[in-house]
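In what follows, chain A forms one complex with chain B and a second complex with chain C.
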Partner chain A sequence: MELVIALGMNGIVWGLIIALIALGLSIIFGLLDIINIAHGDFFMVGTVMAWFVFETTGNYWLAFAIVPVLGFALGALIEYTVIQPIKNAAALSIVATFGLSIILQEGVRATYGAAPTRLTAPIEGTLPLFGLEYEIYRLFAALVSIAAIGCFFLFLHRTKLGTWMRAVRFDPETATAMGIPARRVYLVTFAIGFAMAALGGVVAGPITTVDFQAGVDVLPFCFMAVIIGGLGNMGGTVAAAVMLAFFEGVMASFTDPTMARIGSLCLMSLVLMVRPHGIFSGATR
Partner chain B sequence: MLELNAVHAHYGKVHVLQGASLEVKSGEAVALLGRNGVGKTTALKTIMGLVPATGGEIVFDGRGLTDMPPHAIPRSGIGYVPQGRGIFPSLSVKENLEIGLTKAPPSQVFDYVYDRFPRLKERLRQPGGTLSGGEQQMLAIARCLVMQPSLLILDEPTEGIMPILVQDIRREIKAVNDAGVSILLVEQNIKTALRLCSRIYIMEKGTVVHEAAAEDLKEDKETLHRYLGVAV
Partner chain C sequence: MTAAAINRLGLAVFALFTLAAPWLLPLVVDGFWVDIYSEMLIWSLLAASVNLLFGYVGLLSFGQALFFGMGMYGVAIGVAKLGLGFWPAFGLGVVLATAMAAVAGALAVRLTWHYFAIITVVFSLIFYFTALSWKPLTGGDDGLSFSMPPMLALGDDWELSLTDSTVQYYFIILVVGACYALMGVILKSPLGWAFRTVRENATRASLIGLNVYLIRLTAFIAAGFIAGVAGALFAFFGRYASASYMFYHVSGEAVVWAIIGGAGTLLGPVVGTSLLIVLREELSHAWEHYLILVGVIVILVVIFAPRGLGGVWHALVRRVARAADEDAGGGDGEGRS
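Up next is the complex of A and B:
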């Protein structure tokens, strides 16, 4: 029973981190119509940058501040060089971001190396919770993810740029005719998407391993969350990510992780058979 | 104030605007009429930079618009009410109203707008998509007015509006024009155009083929029939 609780809680923590990453995927898809195959690698690059900051400064906390900024800059650069030239071509976006994914993975393998590393959590120790000793860092990771997701929603609904993003997403032409610089909004959106995935990487670094292939596992999970949550429904994406990860965590306590993933894929298929547009489709966007 | 000289525009390989020329003078209300598909909406979109001009020049207040980035054009003093109104349904009425503002306008601007459109003031927090067609049209006009334009371009503002509200919209456009804002109006409803505008251009196959004072056109049954296929 303790194992079920522990893995269930791990699932929720992991789900919140995935939600943070998947929201980035969701805004990039919703606004730019880009199916970003490289999104998992943005997360992976985040973990590697976090490792690098820790290696050079010896202070993991700095990574929380520096890596999202670096991610934002890298995202802006990629939008300008890779995404803008293929705007309005959804099929090309798959090929281009797949290429980008290979470049990022091989770039990391060539520099950082192929051997996975584990990072030590900046907070050690455990806390008694539901009858078991639970790692404090995992609770901290959950809190940071919740705070970041909250800030993202505030940004989207309370700032001018957030309002512009919602307007451009609905109707870029009219938005432009209202004086909104749509191209700049695209650039910032993509950069924010990268920054969120990179922050996810910093948060998850001490929980998972730093590995050039870390994104390969994260990407399908993010897509599942976005699809089950209802395409374009941000709140749905968060809920679906947490639910899926919790389900997989609990499943993994009875069987192995591969079977758990098969289980969640079956769950996704089941959901889509009943509600083809996702659980939360039709809810306010 | 606004001048189009032999403007061309393409949608892909389709040559839509084929050398259209027209002029709107300061304070004037001008209508652009023509049958469906002759390029009226494209002409307006080309002015706004939403469809790039492939030839000719567009000059507004002495400045060429064709080289300007599209988002800078509304900020240079041209308000645009697109066909179908272009309200963002998930944004609140207030967000829709303020979407184009980068800094707060003088408070009397909002006083004026709320005074003219009291229904909008009552519904500021409501999503734009929940407004009726007529209210959305008012909102589309109001969100241009808060940007204090000197020219307002309207693409079929009475299309799909309940007949009872068409009067209201006409009255608002007239009030905007009376306040000194020039108007360029594209309309299928010829009565609205003839009532609001002093000068009329008629388009056919991507170019302006006829220009007349509204007073004269009312009497010119042959022209109305030939280009617009109507009897007024």
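Up next is the complex of A and C:
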């Protein structure tokens, strides 16, 4: 039973981090119609940048502040050079971001190296919780993710830029006609998407390993959260990510991790078959 | 010269080159390019299966590696575990892939666009992880290797086998050529036009009485068959099958090859696949991190040739044909045609 609780909790924590990354994917997907194959690598670059900040300054906390800013800048640069020339062509975006994914992975392998490393958590120690000793850092990671997701929703619904983003998404032509600088909104959206994935990387760094291939596992998970939650339904994305990761964590306490993965994938195809437009599609209409 | 004539000429040059490659390539570059050329042709079939679905029916599949893997494992398990001969194993691979495509397709083509793309990834991941964990049958991480059974044995001292590299080369181009011919025939038939109609507008297609579901399913099974043939060939080519070829990354590469080559052109996938494999072979000797350059080139192609290299070719041919027409129309009597 303790194992079930522990792995279930790990699942929820991991699900919240995935939700943070997947929200970045979702706004890029929803607003720019870009199928971003490189999004997992954005996360991976986040973990590597966190490692780099820790190596140079010796302080992991700085990474929480610096890496999202670096991610934002990188995202803006990529949008300007790669995404803008192919705007609004989803099929081309797959190829372009695939190229981007190769560049990022190989770039990290060339500079950081191919050997995975483990970061030590900035908070050590455990806390008694539900009858087991749970790592404090994982709880902290969950809190940071929740806070970041909350800030993102506030930003989207309470600021001018967030309103612009929703407006451009709803109807780009009318939005442009009403004076919203759509191009700049696209740029900022993509940059925010990268920054969120990078923040996810900082949060997840001490939980997983820093590895140039880390994005490959994360990417399908994020896409599934976005699709199962319902395209464009941000709350659904968060719920789907947490539920999938929780389900997989609980499954993993009964069988080996690969079987758990197969189980969650089967669950996902079932959901897609029964509710092709996401589990919450009824709620939004 | 008309555009069609130039295209025919290009095709003839390509066919002649392919037939002569086992002699030509060692003369011009190096003998090992014959192997690379065969590999290129096999992989181009996987890209062609993506192209058949995406370029002609408008369904973007990120799971074609599943059927490639089925073809591969059908051959490897048939030879190594069941002790089958060459042809039964080949048949097993292709039948397994096609059957899998029929089952997966019956579920998947109910969905479209993003949902279809994600369900194909999910299906291929399910079987990727199954193949990884089912070690007694698939060999898991290590894969499954086998020794080549003879294709044809007459008496005790004469046999035809792919261990002879010339036989292997011609066997591969024969099968690959047959697949492209089959696709060409399908795409010229009424079914092929039904494919394009569904791609352009599924609602209208259903309103003029086409069964959209059945047409999509037919295309999906055909694409699965093509990918299965590619996988079976690749298993024979490498005498090996491995779960890693079923991962979604392989499907993704096939999508990239197809789009770089030009989605919706029959031979575009060959061009795209060739370009990227030649780049890999040439650049990997020059620089350890050559993949960075590959990524840059992929992005540049997409930005500057959004219709793919096939699109560039067709635009070029049209321009040449028009220029020739104008010259002929100018009537300076030099007789260029």
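Convention: the second predicted complex is superposed on the first by the 282 of 285 C-alpha atoms of A that agree within 3 Å, B and C clash if a C-alpha of one lies under 4 Å from a C-alpha of the other, contacts with A are read in each partner's own complex, and residues count from 1 in each chain.
What we mean here is this: a contact is a pair of C-beta atoms (placed from the backbone, for glycine too) under 8 Å apart; a residue touches a chain by one contact, two chains touch by 3 or more.
Since the model is a prediction, treat every value here as computed from it, not as a measurement.
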Looking at A:273, would you say it contacts chain B, chain C, both, or neither? Reply first, second, both or neither. second
Let me test your reading of the model: by the given contact rule, A:170 touches which partner, first (chain B), second (chain C), both or neither? first
If you tally the residues of chain A touched by each partner, is the higher count for chain B or for chain C? C
Between chain B and chain C, whom does A:2 touch in the aligned arrangement: first, second, both, or neither? neither
In the superposed arrangement, does A:178 touch chain B (first), chain C (second), both or neither? first
Which of chain B and chain C A:224 touches, first, second, both or neither: second
Please indicate which partner A:110 is in contact with in the superposed arrangement: first for chain B, second for chain C, both, or neither. second
Please work out whether A:55 is in contact with chain B alone, chain C alone, both, or neither, and reply first, second, both or neither. neither
Looking at A:124, would you say it contacts chain B, chain C, both, or neither? Reply first, second, both or neither. neither
After overlaying the two complexes on chain A, where does the chain B footprint on chain A coincide with the chain C footprint? none
Would you mind writing out the residues of chain C in touch with chain A in their complex? 54, 60, 107, 110-111, 114-115, 117-119, 121-123, 125-126, 129-130, 132-133, 248-249, 252-253, 255-256, 259-260, 263, 288-289, 291-292, 294-299, 301-303, 306
Complex contact set, residues of chain A against chain C: 35, 37, 82, 85-86, 89, 91-92, 94-96, 98-103, 105-107, 109-110, 216, 220, 223-224, 227, 231, 256, 258-259, 261-262, 265-266, 268-269, 272-273, 276-277
Seen from chain B, its contact residues with chain A in the complex are 48-50, 69-75, 80, 82, 86, 88-91, 95, 99-100, 102, 143, 147
For a test of understanding, state which residues of chain A touch chain B in their complex under the given definition. 160, 163-164, 166-167, 170-171, 173-182, 284-285
